[in-house]
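Next up, some structures in structure tokens.
Heads up, the next two complexes both have subunit A, just with different partners, subunit B and then subunit C.
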Partner chain A sequence: MRTLYLALKYLAVLLWSAFVIFPFLWMISTSFKTANAVTGGAKWLPWLQFEPSLSGWQSLFGGVGGINILKPYANSAIVTLSGSAIALVLGTLAAYGLSRFTFKAGPLKNGDITFFFISQRIMPPIVLAIPFFLMLRFLGLLDTLPGLILIYVAMLMPIAVWVMVDFFNSVPRGLDEMAWMDGCTPVTTFLRVILPNALPGLVVAAMFCLIFGWNDFFFAFTMTFTEVQLLPVSIVALNSSVTPWWSLSAAAIVSVAPLAVLAFVVERFLSRGGLAGAVR
Partner chain B sequence: MYRQKYIFLLPGLLVLVAIILFPLLFTIRVSFSSWDVYNPGLNWIGGENYARLWEDARYWEALTRLSVLTVGTVLLQYTLGFALALLVWRDIIARRFFRVLFLVPMMTTPVVMSVIWRTIFHESLGPLNPILDAIGIGAQPWLSQAGHAFAAVMIVEVWQWTPFMFLLLLAGLLSLPNEPFLAARIDGAGPIRTFLSVTFPMMGAISVGAILIRLIEASKLMETVYVLTSGGPGTSTETTSYYIYIRGMRDFQIGYSASLSLTYLIVMSVALTLIAKALIRLMVKDRT
Partner chain C sequence: MAEIILENLAHAYAPGAPYALKPLHMTWRNGGTYALLGPSGCGKSTMLNIISGLLCPSEGRVLFDGQDVTALDTGKRNIAQVFQVPVIYKSMTVGENLGFPLVCRGASPQKIKARVETVAERLGLTQWLKRPANALTADMKQLVSLGRGLVREDVAAILLDEPLTVIDPQLKFDLRRILKEINEEFRVTMVLVTHDQTEALTFAEEIVVMNHGEVVQMGSPTELFERPATEHVGWFIGSPAMNFLPAVRDSDRIVVPGTALSVTVPAALPDGELKIGFRPEHATLAPSGGDLEGTVGRIWFEGMDEVVGIDQGAHRVKVRVSGTSPARMGATVAVSVPGDRLCVFVDGKRLPSD
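Presenting the complex of A and B:
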């Protein structure tokens, strides 16, 4: 009975692992193929089933039938990092304010303001696409990096506020009060006392901002045409009826690799129990 | 008490209001105009767009399809995610390895992985059909038939987002106190009994949270469809977002698509609020 239970348990875990790994193995294998190896039906093993070639990887730097991936890569990094950084600064400040002081604007109180921030995540991107498009066109920021950064700030700030409000609520108020008694103003209290203690929350918030920023396709796709191309857009552009699968796979690997590493960070937080509070 | 408190709140609030609230109000105004590629500009045509929308069968079909797809995938993700979280919760070898592995898909870019999935589903060159052939199921016309394409979208969504359910539920499991489990063991409860009357009730609140977050995110579904099937074959996998995208960003019927997207926003908000209320009543025993 117990053996059967264990056998089923490991079988289930292994089956799901296989399902998770399947696309990754396929894309790694495909990235070393050539046209011949792709058109002859599905093959997995280099040397045994097909002669491996580096042409897919070379095409990332402007080879035949590929894309030059450096520019989109840099664009994606710039937009994601600066969007996340600005969203994190604004979001952390707002979250601290909402967690420590009472605000009132007519019938609206702290809870309503917090809900306004977080509720932006409910908004389907398509609803915002047209007004964003017209707004950026009006500002002359369509198809530019600053325009995209602006959009990403709006998209990522709700995440930062959501994580940080919860986090600050769990930091004891005594810490603030002590600093006030020592003559600190709220601003210096925040900078000298609270911020250094807020690192775990900031890490989680930053991580979520990076994931959602780097993985966004929709806004990168609708708000740019030719001048500025982000990584996901340039990869999807390869996706046509005569897709060069090898270039596609190589590009996909470099695109998802940096964030896949974050899985380790998340797991560390999980094991230490630090995530339960942060994700509610 | 302190003037300075506004230094914290206002920058973020003003930025968000400027970037989101004003454009949204503008959209409401645009939805009462016939702004399109031939006549750009804000004229006033009353509720004509909304009358047209009421008659637009393709829109309502897409909305129905989206609802089925959303509820279906989220239920699958919840069941699988919960099962996986229970599997790697305690006594299993290489626990941390499996935890990391199970989290990886949610870190990957959905569109990029969808492009890869599209090659996997390829009927003659992809790796999936040979495997199905070998285990006796036979090759399937994955992306060229309506039902299959629908299933393909669901498979990709489950692959991508079950890890998110897994993450939240595992975090919940790890934060549970130990005493109820000891009590259950002393009372001689078996694993199934323990799950039904101890684990599951204690996971009620976090389950509702996880399901709601996923329902919200899944109801925006469009990128996977765009890459995998382009809404096809025909319009058989078209979701609401994708249909609005076609009307607005491709046909450039700005006025009409504004009315479509506002209706979509309202329908989604109402539906999600009702679901949230029902779930909380159903699954959260004591609301503290």
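Presenting the complex of A and C:
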């Protein structure tokens, strides 16, 4: 009975893994194919069924008819990392304040302020495109990295506040009071006592921010012209009248890789005993 | 370690709102053990929060060793508190938890290590020092909380806010003993907030009974037991509660109608509803005679003793008898109470017996 259960469990996991891994395998094999190999029916095994070619990969690094992916890659990394970092710092501080202190702005109280943050994400991004465009133009930051960073901070901070308010609310207030009695100042209470307890929340918020920042196409496309290009936009630039599946697959692998690594690391981090216990 | 004076202290949560803590004045001796006893919502926690500085009183001052700390931040008061629900720093080990108050105060690592080891040894936590604090059981977490107070040699007071509520009964007994021993050993002023009279009576040298935001009586366990200031104290302290019988004035005596219970009218007798009260422990049973007669309506056990509930008219009188009493259900018995054990209450307040 027990072995049967185990066998079924592993079977289910195997099936699911195959389901998840298959698109990746497809992507990897396609990235080494040429036009004929892609269109000429299902072919799986390199050298036996098709002759592998590096042309897809070459087109990512300045090959014929391709792009140079390094610059957009670096741009995307800079914008995503700094946007997320600023959003996390500001968002975490705002969330701690909203969770612990009472604010009043006219008839608005803490809950309303929190909702105001989240409400920024209720509208579809296209609604924000024109105001953002005008604001960046006013600041002279269109088509620049700082301009994009500003926009990502605006888009990511609500996520950070939303996730962190919840996590801070789950950290008992008695912990703050005890830290005060032990001689902490409000700042050391936050940094040394409350933040370590909300670390899993911080990791979750960081995940959300990084994934959104890295994947965003819409703002990267509308707020830039020629000077600055982010990864998703440059990948789209690969496209032509004959879809180059091989280059697109190679580009997809390259752009998914950091997120896959991130997911793997975070999964390890969150499932480690001590931290798992900290999430109640 | 400090003497704590609450000077004309009072608190209302909003201007014009009714007092959550009515004006009071009291002094807590350095190294003494005190208990704040009262039902939920009676102002105990408000008082504790004012002492620890989590709450600023709307009136009056708090003095530690003569120094006004009313406006001082919690962190600067050097107070320790053990909360009702165990609170520990989950991200630290037991040792780091114990040392944290010293780390916050910038003590040297050698000093911290020495103090942590001393305190851990005393509390029996030595083998746990390197373990994550989160892995401890509730009662050990409370010990760690207590240890964070003891680790500071100069801690002004340790406040215990119903620390035993979530602890298993057997461990509760152990923890209470440890608290008492710690107090005797370290001579730290300790204030225990509780709604459990047994806890208060066994722990504290002096008990502050509170009700509706007011200090009803402050005194030693014996005083509270023998001379309750109000009907509430008589009812709240002691198990079973004090007996109260409505009384009337009959020329120069106050008597309970239908019984021989009576007290001489004192020089000044204010107007109001009269009651005569006595402790079930002070009454004795007799087959006949005595001060009042009634039928046995109920018998139950309190430890080694038996409590006999006797119906007299519309009232039930409880008598505590050690061992097994000869009383049988439905039998008519007589109760006698020594005259000096009778207390007279006027509108719920005890008349001073001169």
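By definition in this document, the second predicted complex is superposed on the first by the 224 of 280 C-alpha atoms of A that agree within 3 Å, B and C clash if a C-alpha of one lies under 4 Å from a C-alpha of the other, contacts with A are read in each partner's own complex, and residues count from 1 in each chain.
In this section, contacts are C-beta pairs under 8 Å (C-beta built on N, C-alpha and C of every residue); 3 or more make two chains touch, one makes a residue touch a chain.
Here the structure is a predicted model, which is why all the values come from computation and not from measurement.
By the touch criterion defined above, A:Ile28 lies against neither subunit B nor subunit C after alignment on the C-alpha atoms of chain A. Judged by the touch definition given at the top, the superposed model places A:Ala154 against subunit B, while subunit C stays out of reach.
Looking at the shared chain after the overlay, A:Pro196 reaches subunit C, while subunit B stays out of its contact range. Using the contact criterion defined above for the overlaid structures, shared-chain residue A:Gly183 touches subunit C, although it does not reach subunit B.
Once chain A of one complex is fitted onto chain A of the other, the partner contacts of A:Leu175 are limited to subunit C, with no touch recorded for subunit B. Of the two partners subunit B and subunit C, it is B that touches the larger number of subunit A residues. Once the two complexes are laid over each other on the shared chain, residue contacts for A:Ala12 go to subunit B alone; subunit C is not touched. Common to the subunit B-facing and subunit C-facing surfaces of subunit A are residues 185.
Contact residues of subunit C toward subunit A in the complex are 52-54, 73-81, 83, 85, 87, 89-92, 100-101, 104-105, 132, 134-135, 145, 148.
Contacts from subunit B toward subunit A in the complex involve residues 1-2, 4-9, 11-13, 15-16, 19-20, 23-24, 26-27, 30, 80, 83-84, 87-88, 92, 96, 98-113, 115-120, 124-127, 129-130, 159, 167-168, 170-172, 174-175, 206, 209, 216, 219-220, 222-223, 227, 241, 244-245, 248-249, 254, 257-258, 261-262, 264-265, 268-269, 272. Only residues 9-10, 12-13, 16-17, 19-24, 26-27, 30, 38-39, 41-42, 44, 90-91, 93-94, 96-98, 100-101, 103, 113, 116-117, 120-135, 150-151, 153-154, 157-158, 161, 185-187, 190, 211, 214-215, 217-218, 222, 231-232, 235-236, 238-239, 243, 245, 248-249, 252, 255-256, 259-260, 262-264, 266-267, 270-271, 273, 275-276, 279-280 of subunit A touch subunit B when the two sit together in their complex. Residues of subunit A that touch subunit C in their complex: 172, 174-175, 177-185, 188, 193, 196-197, 199, 274, 277-278.
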